[in-house]
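What follows is chain A paired twice: with chain B in the first complex and chain C in the second.
So, the complex of A and B:
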């Protein structure tokens, strides 16, 4: 009788742990999803729409996209290259100028994330793949606040890789997980 | 019975752990990462792509080539330069830790003036004001200026200091630090001068040797060229056709090299020279080996009474005869003098006696033998380590008030010299002391002005590699990152100041150090990297990490200049045998070397290869000795602290001073000897070095050997007293019953 009680208690505890872990996992997944879809607050409001409508191509600022794995965030000096003269009276530009004067980088908050176990290179997608930036990043040219448009999960990547003429090679695990 | 964890506890810990793991694991790792762009982007940098720059390691005087991985303008990793002919892509732990020097949190930013010495009350001032102050003081001091550098100084800075002091008729700079003192740079060059008429450092071609007799030379640790000897050792042990070199180590305390040896003899401290002499004598008397060897032995070796050497060395007559047979019969035997020789009163004789074995072997300037380091190409400077007498003479000059301005670069004499020499007192009589230390060290505390130099990863320079193995090598040094702090290159500081002093201005007509270096490199001409013209040569020099020829020149033949047999007197020890019953054996820490590594937490935290102790000073002692003195050093067998080594703290007293440190008992040391590593015991030099362990140099007096090359740091006797306190040692891989059993099996009868 005692033994049964004891084993029942053990089972109860085990079940309790199981429920707690499942709840935490679900909570974790929820947090990740929410974060992936959130539009973070940036230290300086940055309307991409203004830049694109002024005729500035993406690669003017994100110049590394065609020669490096990362697209690169423009240096503060590059911002000031134009904004020494343009829209100098707006509070946002004054904030940028202030960063530049102090010699401080602007702490932009990352919007699009890939897990660390994924190898992704902008260079091959933009150069060899001949993709437009909009294909993954959405219509940035109309965004007043930069926000993620795709979840950037493995399925989303594969949708495109599968449709390529070289699908067999591009479906290989080690293409991205190397 | 040991207390285990109950099931309930296990479940409790499990639930909390799982929750913590799930919560942290699910959060996206970059959720809180901000993207910091450059304010002004440096050239040659591409976001997301690493750039590698070739430069030279300056953690010790060897001069290994390094390549540094730079990502987004930050130095992340240092590796050996695979093209570099010295270290061939390898690098030791100290070299790897260089990035921590670059980003050390206690580095000074901008010049600092100390209103009252020793107070650490610094007033920051602008570079302009600092340079004006330095200029006015140096102009006033005139020829009463002294420069105290160290052996890792870049050749171009040593050149600038030398030209400066020569122009103002001041004494030539001295280059003195503990590393070169312990490794006997000065002793080895003087011995070679006497034996072969060349003052270059010796090199040992282990790769082609079949028998190596190491007289305490810990060449796989903080010795002359650790990384290169690591490469050589690898080749020595795996020669063509499965041949494996045979290593005999003779030393009172087991070093990492001793631990790898085929035969390890725990000889009495100070007996190295006598043993070498006895081996030579036996070869001559018993006619061992080839006829040539016998003849050479008869001219070189003084006859000794083997029985008395056996008694004085702790070896048996059979051991000595056996060693002589092995040495005489080998195809390519080598004998290497070790560090401990350099601290004994008979240093010159002992070092000569060991080198004489190489003469007997007939291996001088031969493959698998002893050679000489290649001399520096014309016009290039290698700071030659000064003898101890030179350092002592400068301290006396300071004490006598004959030095008006002292410039200290790289060296740390306040830490490196025993208290008995009285650097602290002598420096009081110097009206103006300048330190170029990037981090406030013990010497900078005595400085009136600190002009922080850039660390070697932010600096230009070159190093003439010595000892270099077979070919002249000039290793190139270049900034791999933009300077992290507001530091200024000392070479530029000196060139600026020299402009105001007419005599110096004529000797140093250069706009800046880069102009000076470009001229030097262009004079080298085209090396293995090719190219022509000053600009191309300069670019290739930076790209490949230096200059060297693609072909190795033939070794210059060397003639032995020995006319009379070498006799070795027995080593005298300081301290009465009855009052001070134990020999003191000091050694450089493999990781902290002479103490300059103590400021880097990676090196502090890396366990010592023999004892696995980190972050501490310890007193190595034979278990029998510990037992005799009633000292306990034991592991906790049960409970929460299971496996922790708790040791008695002892006071070690010599005729000159005393230190306290915990005991580490192990059988790899003679029962009549205690060993203490050098490196800890800093009172300054950054937060990681300060107030940690003890400086064993307190136990050493101020006496030099008869030739003045070295300090008598190895001929000291000590006594041991318990303090009654106990502390736990930060050891590694030491579980009850396992390691102890292993050591007992490895040393039967000890």
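So, the complex of A and C:
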């Protein structure tokens, strides 16, 4: 009788440890996912919606998207090209003007991250693939705070690559990894 | 969207032109973020060189001659290194005639290295170290491999991609000679030529029909993509 009670208690403790480990793992996964999808705090609040509704196309600021692998972030000079004259008295623009006067770049926080072993080119996707920016970045034109809409995992890339007429080429490892 | 054709990337190495200067080795190290090992570790066989020069002596002392043979991954059509990999880290791209090494899959069994008859695969025994100022010149287009994975020549696949992406964006076909690996670019006597064998008008397709041609360890049936052109005395027509 005593022996069975003891083994029951041991089993109970083991089960308890198991439950705690599972909960911790689930919590960890949740935190990592939340971090991947979090909206980072930017040094200057930048409502994309205002820009797009004023009729500025994405490529006006992110012009490198059609000629290089990276889409690029505009220089402070480019911001000031318009904002010397437009909305000059708002606190956000005054912050931008401060950076301009000090000759410093604005330390924007990266929103969409790819691992270092992934080599993505905006140029082919936008020019040869004829994709809209919205296809991957979501409806940025309605965002007051820029946030990621996709987790940008390999499966997410392949969902689209496999659906292309050239899937055979686009699922080769060295298309993205090298 | 322009359809990209099947490619057969290949290299011609003219042994008559090779002077054994080793510029290709240096260029490869710089282009592909290949770490440089200490003399001691290289002596233990732990150095990494995606391309290196094999040296052979011919003749006896007063009339001696050195022969050089640049050796790199032969990008075999039937690569012995591939079927032995338990995790499919060593895979073949039929579409491009390349042998790929997927670093993220590699678990470091080194079976591929053992089964590779040319001995051109290298294992990272250590975390790579790039001393100042070499860390400033790492190529951003190439992964820095960590300890525990195999690596080898990729035919500078990052340059192939760059050229292909440029051609795609300009909506035209890739031109012959547009893709130039680092070793080919740097070779002072132009002993190395790179191109697409599938294109009958390419420089490699023309040279591949040369009567001096041979492939390394051809009897193994690995069908390498690298064609050597015989040099030295063997080249003289009888």
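Some points to look at:
Keep this in mind: the second predicted complex is superposed on the first by the 146 of 178 C-alpha atoms of A that agree within 3 Å, B and C clash if a C-alpha of one lies under 4 Å from a C-alpha of the other, contacts with A are read in each partner's own complex, and residues count from 1 in each chain.
In the analysis below, a contact is a pair of C-beta atoms (placed from the backbone, for glycine too) under 8 Å apart; a residue touches a chain by one contact, two chains touch by 3 or more.
Keep in mind the model is a prediction, meaning the values are calculated, not measured.
When the two complexes are overlaid on their common chain A, residue A:24 makes contact with chain B while staying clear of chain C. Residue contacts after overlaying the shared chain place A:139 against neither chain B nor chain C. Once the two complexes are overlaid on the shared chain, A:128 sits against chain C while remaining clear of chain B. Look at A:117: by the touch rule set out above, it reaches chain C but stays clear of chain B. By the touch criterion defined above, A:174 reaches chain C but does not reach chain B.
Look at A:100: by the touch rule set out above, it reaches chain B but stays clear of chain C.
Looking at the shared chain after the overlay, A:76 reaches chain B, while chain C stays out of its contact range. Contacts of A:109 after superposition: chain B is touched, whereas chain C is not reached. In the overlay built on the shared chain, the residue A:64 is in contact with chain B alone; chain C does not reach it.
Counting contacts as defined above, chain A residues 67, 69, 116 meet chain B in one complex and chain C in the other. Remark: chain C residues 1-4, 91, 93, 95-96, 98, 100, 102-104, 141-143, 154, 157-158, 161, 165, 168-169, 171 touch chain A in the complex. Of all residues in chain A, only 66-67, 69, 116-117, 119, 121, 123-124, 127-130, 165-166, 168-169, 172-175, 177-178 touch chain C in the complex they form.
If you check the complex, the residues on chain B that touch chain A are 11, 14-15, 18-19, 22-23, 25-31, 33-41, 46-49.
Contacts from chain A toward chain B in the complex involve residues 13, 17, 20-21, 24-25, 27-29, 31-32, 35-36, 64, 67-78, 99-100, 103-110, 113, 115-116.
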